[in-house]
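Next come two complexes, and both contain subunit A; in the first it sits with subunit B, in the second with subunit C.
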Partner chain A sequence: MTQFLSLLLNGISLGALYALIALGFVIIFKSSEVVSFTHGSLLLLGAYSIARLSDAIGFLPAVVVGILITALAAFVIERLIINRLRGAAVISLAIVTIGVDIIILTELIRRIGSDILNVPHPWGGESFRIGSVGLSQNRLIAFIVAALLIALFFVAFKYSNWGIAMRASAEDGETAALMGIRQGRVSALAWVVAGVLAAVAALFLVGSPTPGVSPTAYAVALRAFPAAILGGLDSTGGALVGGLLIGIAEAMAAGYQDQLLFLGRGFSAVVPFIVMIAVLMFRPSGLFGTKELTRV
Partner chain B sequence: MLSIESLHVTYGGAVQAVRGVSMEVPDGKVVAVLGSNGAGKTTLLRTVSGTLRLHRGRVEQGTVRFDGTDLVTKDPAQAVRLGLVQVPEGRRIFGRLTVEENLRAGGMGNRDKSAKAQAQQRVYDLFPVLKERSSQRGALLSGGEQQMLAIGRALMASPKLLLLDEPSLGLAPRIIGQIGEVIAEINRQGTSVLLVEQNATMALGVADLAYVLDVGEVSLSGNARQLSETDEVQRLYLGHDGGDERRVRVPSGKKLSRWTA
Partner chain C sequence: MRLSKRSAGATMLAATFVLAASGCSTKAPESSGGGGAAAGGDVATDVGIEGETINLGVLTDLTGVFAALGNDITNANSLFWENNQVCDTYDVTLDVQDTGYVPQQGVSLYSGMQDNVLAMQQTIGSPINTALAPEYESDQIVNFPSAWSKTLTEIPGTGVVGATYDVEIANGYDYLFREGLLQEGDTVGHIYFEGEYGANGVEGSRAVAEARGLELIEAQIKATDQDMSAQITQFNSAGVDLIALTVAPGQTASVATVAAAQGLDVPILGSNPVFAPGLLEGPAAEWLKTHLYVASPVSSFDAHPELLQQYQEAYPDAVPSLGVVVGFGMSELMKQVLDQACENGDLTREGVLNAFNELEEVDTGGLVVPIRGFEVGQSPSLESFILQPADVPGGATVLEEAFEGEFAADIAG
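Presenting the complex of A and B:
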């Protein structure tokens, strides 16, 4: 029971981070009609920038600048590439983003080289315990920050002009344009928000219990894709639920891996994809999505 | 205020949707454009509102000016800022947004806060039902209410010229009558209107001037009341049998051409 609770807590905190990434993925899809595969490298860019800058300017400034760098990169991708290809087939755009992702990723891997980069989290690697249920402090703080950001996001999405412009243009772009809503702006802003969310997720994903910044951080973003897709690619609520589901499933599979050994070692790493496939079998447009993925 | 001169529009470089249309919307007036399906009415509005590009359409020739400003190079957001707002055919309200959010979306191009508040008041005065249902999703409204929401949403941008694309489409006669009254009231409040319709009774009832579009060309034009008495319009739009011997010269001096729809 203790183990279960412990895994559940870990799963939720991991899931909250997946949800941050998946939310970015979803708003990009809603506003630009792009399935963006740039998230892996954006995440790594965030982690890399924060780690590199920490030595020079200190942890907090590095976090702020790292987030800005990632947001800027997302903005540039949107302005330079996505915005100019507006109206292209969803599949071509997706492949374009894979190309962009590979370019950024290659450069980051070259820069990281064989270094072991660490983000010097002031909260270190200690764990936090209630009775015998444990959670790393990093994950606890991650959960709190992610919960706050997600709440802020949903409030903005519901009530702000940006949220309304975003939802209106996602529903009917031409009519939104007739109202004077500039889709280019809505889309650019969505990319910036997605960049910020990815960088924040990165900040925590490279902390305890995960060791340091390495290209493997990239794989983490890949696990947020199934979160977005199983929730429904065009549903922000779905991204949240999907993120939590994937986080919990992964934590459980890792925690009970001895019992699951017959499925092979490292099973937990593929669990997100298995969960996604299982959900899509029954609901092709995801749990809360309205668009069938076959159209994508 | 709106002045269109020998306008030619094509889609994808091939389909000639509008061929040499000239048209004037004088300040403060309601101008109707009649024509059957495919006549080029929507294309005309798209040209004015800057959405032609979204349909791979292109102005090949001619000018479109609003108070002297060239519109051909403007995008939709710029057109809205100039005071031109289009209510699209088929209403196209945001079904997943609430009524209030639909109206907020409509006011998005309106920078001036007090103008926006005024516009909101005007919309709720014109359509009290929208206030009652402000927190409901757009999709739950009836067809007539959706049309009112679509018009209200456009008014939120405080347009100088309101462009309406077949507002009567699919609505019951009683509701069409109401829409006609609303258009007249909006015009009385100082907004000019360009009304595209297939329902000639309603359109000619509220319009000062009217044009008939026939496969991309203007076939008739003139004073709305006089136009409604011509044989062509009687027979083709108003469902009456006009005697063939009657011929009415329209004030613009254009010859009456045979309407072949």
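Presenting the complex of A and C:
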């Protein structure tokens, strides 16, 4: 039972971080109809900036500057590339983002080398225990911050001008434009928000119990992608549920590896994708995605 | 407005590229030698020797994932050959090329240097060594890889610098048994990478488990898995008495952090690549200093302060890792091969390969474990050092000098 609860807690905390990243995917898709593959490199950029700056200016300022750098990078990508390709096919835009991702990633990997950069989290590697079930403080704080950010996002999405503009653009871009909603601005802001969310997720993903900033941190974003898809690529609520589902499934599959041996070693790595495929087989638009209706 | 936005964007883009370019300018170490005596006229030569200068190839990683290690090993190679000659006559220059840890790049770079090098001082990475194996074999190239997989011993002319991973970790088990840190019938959890490195390491665990009735719980992971919480939770509920690792330093840090958090107070045994000095700056440092035991083919700077001093004088900005000791060790081995070939009067590629095959009971002055000889398909050594992380240069101190554990001979065959 202890093992189960430990794995569950771990899965939920990891899932909350996946949800933050997946939310980024979703709002970019909703606002600019781009399936953005740049998230891996944005995540790594955030983590790298925070780690590098921490020594020079201290932890908290480094976090703020790191988040700003990532948001700025997302903004620049949107303005310089995505905005100029408005109207291009969705698939071309997705491939463009893969290109951008590889460029940023290559440079970051070159800079990180085989080092492990440590982010000096004030809460360090301490852990929090309820009875015999333990969770690292880093993950606990991550869960709280992620929950707050997601709640804040939902409120903003529902009530702020930007939220309304974005929902309108997603619903019907042309009509929204005719109503005076500046889609370029909506899209740019969505990228900035996605950048911020990625950097916040990165801050916690490179803390205990993971080792610090190493090039492999980018792979986390690839696991958040199935989270976004299975939740429904255009559903913000879906991103949250998808993230949690993937986090829990992954932790369970790794923790019960021995019981799942008949499926082969290393099964946990493929679990996110198996869950995604299983969901899509029954609900092709994802759990909460908008069903596409075509009048014939 | 539009123009100014564009120019601001362009400036930013340009700045990014300038930064990127500055990141690329990794300085390739150059090597130069002092003057040598006249070359013996009766030494046969063919490729890679001009007058009194021998040219050796280096295919390393200066910009890829193993850049820090590649830099350390290559710097050590260069430094060694700045101060040494082959049979007091020949200076050695290195043709250093950066593969970025991409096998295809390695193959192309080798074809560029193929006709100019006598042998390969260093080739980093199992995938690149494996990719080049057919060419090395047909060109009769003597080569030293910086990996310890058993498959590399199958390449004729390729000299793994120490014991293979299975023998290495078995020596670690032997140490733990002797120190009373592990008992017969105990339970061991082994986390290992998928692929050759992990498979070879876990083979060592399996052999020891069979010999000593250990219960072995295996957990295979991918190199990109960073969070070891689930695996350690599983080990904790199985009540393991030891955690064995054949992974990279990142996973080691995660294992230590989670084990400490869950109160899983058991020793951790690792193959040599599990440790990097950078781990001692993270939150897992204290736990690692008391719980991690690393079986290693090389000694630490503790035992070779002169090496450290020499290295720091030459490269004052570098933070030396044990890669430096590996680099010096493999250069010393190359020197012994070339000296032997020179003594045999045959510095052709074939002559060098013969000298390499003749080598027996090689001693590198304690840098690398004693090498019994390079036989195809066999671990070149049965011995390992046991290191433990500590606040010393290089990050590790020697707990036990090179020794042959009781399982080594059986595993090595």
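Here is the rule we go by: the second predicted complex is superposed on the first by the 290 of 296 C-alpha atoms of A that agree within 3 Å, B and C clash if a C-alpha of one lies under 4 Å from a C-alpha of the other, contacts with A are read in each partner's own complex, and residues count from 1 in each chain.
To be clear about the criterion, a residue touches a chain if its C-beta (ideal position, glycine included) is under 8 Å from a C-beta of that chain, and two chains touch if they have at least 3 such contacts.
Since this is a predicted model, take the numbers as computed values, not measurements.
K.L.:
With the two structures laid over each other on chain A, which partner does A:Arg265 touch: subunit B (first), subunit C (second), both, or neither?
P.N.:
The answer is second: A:Arg265 touches subunit C but not subunit B.
K.L.:
Which partner, subunit B or subunit C, is in contact with more residues of subunit A?
P.N.:
So, of the two partners, C touches more residues of subunit A.
K.L.:
Contact-wise, after the overlay, does A:Arg182 reach subunit B, subunit C, both or neither (first, second, both, neither)?
P.N.:
Touch partner of A:Arg182: subunit B, not subunit C.
K.L.:
Would you check which partner chain A:Pro284 touches, where first means subunit B only, second means subunit C only, and both and neither mean what they say?
P.N.:
Neither subunit B nor subunit C is touched by A:Pro284.
K.L.:
If we overlay the two complexes on their shared chain A, which of subunit B and subunit C does A:Ala219 touch? Say first, second, both or neither.
P.N.:
Only subunit C is touched by A:Ala219; subunit B is not.
K.L.:
Using the superposition on chain A described above, determine whether A:Ile109 touches subunit B (first), subunit C (second), both, or neither.
P.N.:
second
K.L.:
Both subunit B and subunit C touch subunit A; at which residues?
P.N.:
In subunit A, nothing is touched by subunit B and also by subunit C.
K.L.:
Help me check something: in the complex, which residues belonging to subunit A touch subunit B?
P.N.:
Result: residues 161, 164-165, 167-168, 171-182 of subunit A touch subunit B.
K.L.:
Could you please specify the touching residues of subunit C with respect to subunit A in the complex?
P.N.:
The touching residues are 5, 9, 12-13, 19-20, 23-24, 63-69, 194, 217-231, 233-234, 236-237, 249-254, 257-258, 260-263, 276, 278-279, 281-284.
K.L.:
Residues of subunit B touching subunit A in their complex?
P.N.:
Touching subunit A from subunit B are residues 49, 51, 54, 75-77, 80-81, 85-86, 88, 92, 94-97, 101-102, 104-106, 108-110, 153-154, 156-157.
K.L.:
Given the complex with subunit C, which residues does subunit A contribute to the contact?
P.N.:
Its residues touching subunit C are 2-3, 6-7, 10, 14, 76, 79-80, 107, 109-111, 113-118, 121, 124-127, 134, 136, 208-212, 214-217, 219-220, 250-258, 265-266, 268-269.
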